[in-house]
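Take a look at these structures.
Okay, so chain A shows up in both of these, paired with chain B first and chain C after.
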Partner chain A sequence: MNLQINQDQINETYELKLTGEVDAYTAPKLKEVMLPLTETKGNIVIVDLSGIEYMDSTGLGIFVGALKSSKANSSSLKLRGMTERVKRIFEITGLTEVMDIESGVKGEAL
Partner chain B sequence: MTAKDALMERYQDLLSVYLKAKTETTLYKGQQFSRKLLEQQISPEDLVSLHIQVMDQLFPDMSEEMRDSFDFLLESMIGYGFAYREHQSLRDKQQQLESEIEVAASMQQTLLLSDVPGFDQLDIGVVSVPAKKMNGDYYNFVKSGNSLSVAVADIIGKGIPAALCMSMIKYAMDSLPEEQMKPHLLLENLNRVVEQNVHSNMFITMFHGVYEPESHKFYYAGAGHEPGFFYHAKEDEFHDLIAKGLVLGVSRTTTYHPYEKMIEVGDMVILLSDGVTECRTSKGFIEREEVVALIRKYMDLPSQKIVENVFQELDRLQGFELRDDFTLIILKRLV
Partner chain C sequence: MRTASDYIEMKVPAKPDYVGVVRLTISGLANRMGFAFDEIEDIKIAVSEAVTNVVNHAYTDTDEDKGQVRIGCNIYDDRMEITVVDQGKSFDVESISKNLGPVDGKSVDQLHEGGLGLFLIDTLMDKVEISSEAGVVVMMTKYLHRDEVEEHVDRISPAPSQ
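Let's look at the complex of A and B:
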């Protein structure tokens, strides 16, 4: 399974739309695209996860890294459109408490 | 006759047969012969040089241009020769690294091995199986005074960095004073250690609990760990053992909520890693209810037998290919 990343940009707002799976194999690709965006002060990085059916803990780690980077560099990171399965792992790990997550969860069906 | 002479003779035979009959079979034999050449570590330019010698013998009257063209070819092969030798040396290095990883992995196992302590009031079962050489799951039992503490952790990120991180956790836990062994305080302390010392992409999920035999209370706290289960014998029901909290290593000031539960005779505390619930089969993921159903199926057996049987069934459902490290622990109150 693969990960597809579509990127849109309006001024300092970047939107990443992810489709596929974020796991140990695809996580480096996501990191390569997402992390540099969080390193510029004032950037707003929005990640749309509605196309993600599976994310493992390595994938989650990339978001933790991006969150730390956005705090360190005064940019902002927002997640939206999580499927139930993805939302569950953000909830279990307590990350929903520290991350900016837009409500309005989409169902499993795509 | 040296191995090289033998090879030369064989090459000469094959080539002359081919030049006479030009059959597919001989071509195929040539292909197979190249494997022998590799085994004998014959480099590309050695083969060309071999070809020249054989051609000289087969065709003593070869035209001068033809002969010179072979010399030119020989020079042009030098680069491939370097690449071949580099490949050889990389392969040697890789084998060396692999054996070093083997040694490190077995050292890790020895260092981190936690004996399941004998504990009169509890029947304890543990299975912890790595998906690869090094286990990213960690569990630990410590008897202190009359109580028993149990920890299960999952280090995110696999392989060697995770293993090193795990050693750090173990020694940080070992060096905490006893008054900080309360689960929520222990997690707060560990969180500070982890936050300062791990790479920003890494984090650790952990469940920590302490059973006090006098009060029959189980005190626990969780740092983003996959919830376990609690089996309440009186109701004959399984519940999720929820212990909310942020994973270790994200924010230095995180605090953790203390939880407690009365454990009655026959009750079970079931702890697991997400390798248990993230099992993937051809039909999709294994749901938590299915794990519960498996535990229920074997729950009349001793705890060690339950965990082993559940592991075997889940392993079989995944086609005996673990995707993630797998840890399952059961504590059952006997008296």
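Let's look at the complex of A and C:
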């Protein structure tokens, strides 16, 4: 029951690779790492979700917050590597329509 | 509908730290009952949402120490019934229900960072009842669909072993 965040940076492109669970307990940690990256103009923040085993609405809320921040600060936020489970809750809540989600990478097609 | 059931109850502090523990316990019970992998994942999310709501809203900072969440789980032959109860301040269910729904057609500015929890519970469970007379009670039911899914279908997805 934990969340691990690995961060890589090349120039203005930041890649966050998440492994574990995003819930009420771990979400503050994700927010703390992700939100500041979206606050710099021109930054490209790529979040790899292929290692996420569990996510609920608290996690969705963090991504909504980061998306708003990226729009306000002219940075960009991309999500990739969603497993079918994670994709499902983005779809149910309608967030697939507003988020930049890289398709073609399916977490469960290993 | 059979009435005989087993009943399991937990009481945990209303803190984020314990949401995962509740989720894993309920997941274990659902697994034992023979729910399919995807159904178990749905139940895990729904229970976490209900408990997270209590953690976030039910208690004010001043009575943080005594805040507790009670999770009751009735196990029937054909269904699992989970009740999440707090004794914190109740909220106006009607006004909240009106705002439930996916983000269809909303612009990014109109999105809220919260508020998707109850919508998810409603979508993922078969039956949901909420009462808010003294504190909030969320009761949710998931039915076993034995005819449609075999109990031990071999799935590609890894077992939920946390």
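Operating definition for what follows: the second predicted complex is superposed on the first by the 105 of 110 C-alpha atoms of A that agree within 3 Å, B and C clash if a C-alpha of one lies under 4 Å from a C-alpha of the other, contacts with A are read in each partner's own complex, and residues count from 1 in each chain.
Basically, contacts are C-beta pairs under 8 Å (C-beta built on N, C-alpha and C of every residue); 3 or more make two chains touch, one makes a residue touch a chain.
Fair warning: this is a prediction, and the values are worked out from it, not measured in the lab.
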Superposed partners chain B and chain C on chain A - clash or fit: clash
Touched partner set for A:53, first chain B, second chain C, both or neither: second
Touching partner for A:69 - first (chain B), second (chain C), both, neither: first
More chain A residues in contact [chain B versus chain C]: C
Which of chain B and chain C A:25 touches, first, second, both or neither: second
On chain A, the residue positions that both chain B and chain C contact, one per complex: 24, 56-58, 60-62, 64-65, 67-68, 85, 92-95, 97-98
Residue ranges of chain A in contact with chain C within the complex: 1, 21, 23-25, 28, 53-54, 56-58, 60-62, 64-65, 67-68, 71, 84-85, 89, 92-95, 97-98, 108
Chain B to chain A touching residues, read off their complex: 154, 156-158, 199-203, 205, 223-227, 244-247, 249-251, 274, 278, 285, 324
Residues on chain C engaged by chain A in the complex (per definition of touch): 16-17, 19-21, 23-24, 38, 41, 44-45, 48-49, 52, 55-56, 102-104, 106, 108-109, 111-114, 116-117, 119-120, 123-124, 156-157, 160, 162
Footprint of chain B on chain A - complex, ascending: 24, 31, 56-58, 60-62, 64-65, 67-69, 85, 92-95, 97-98
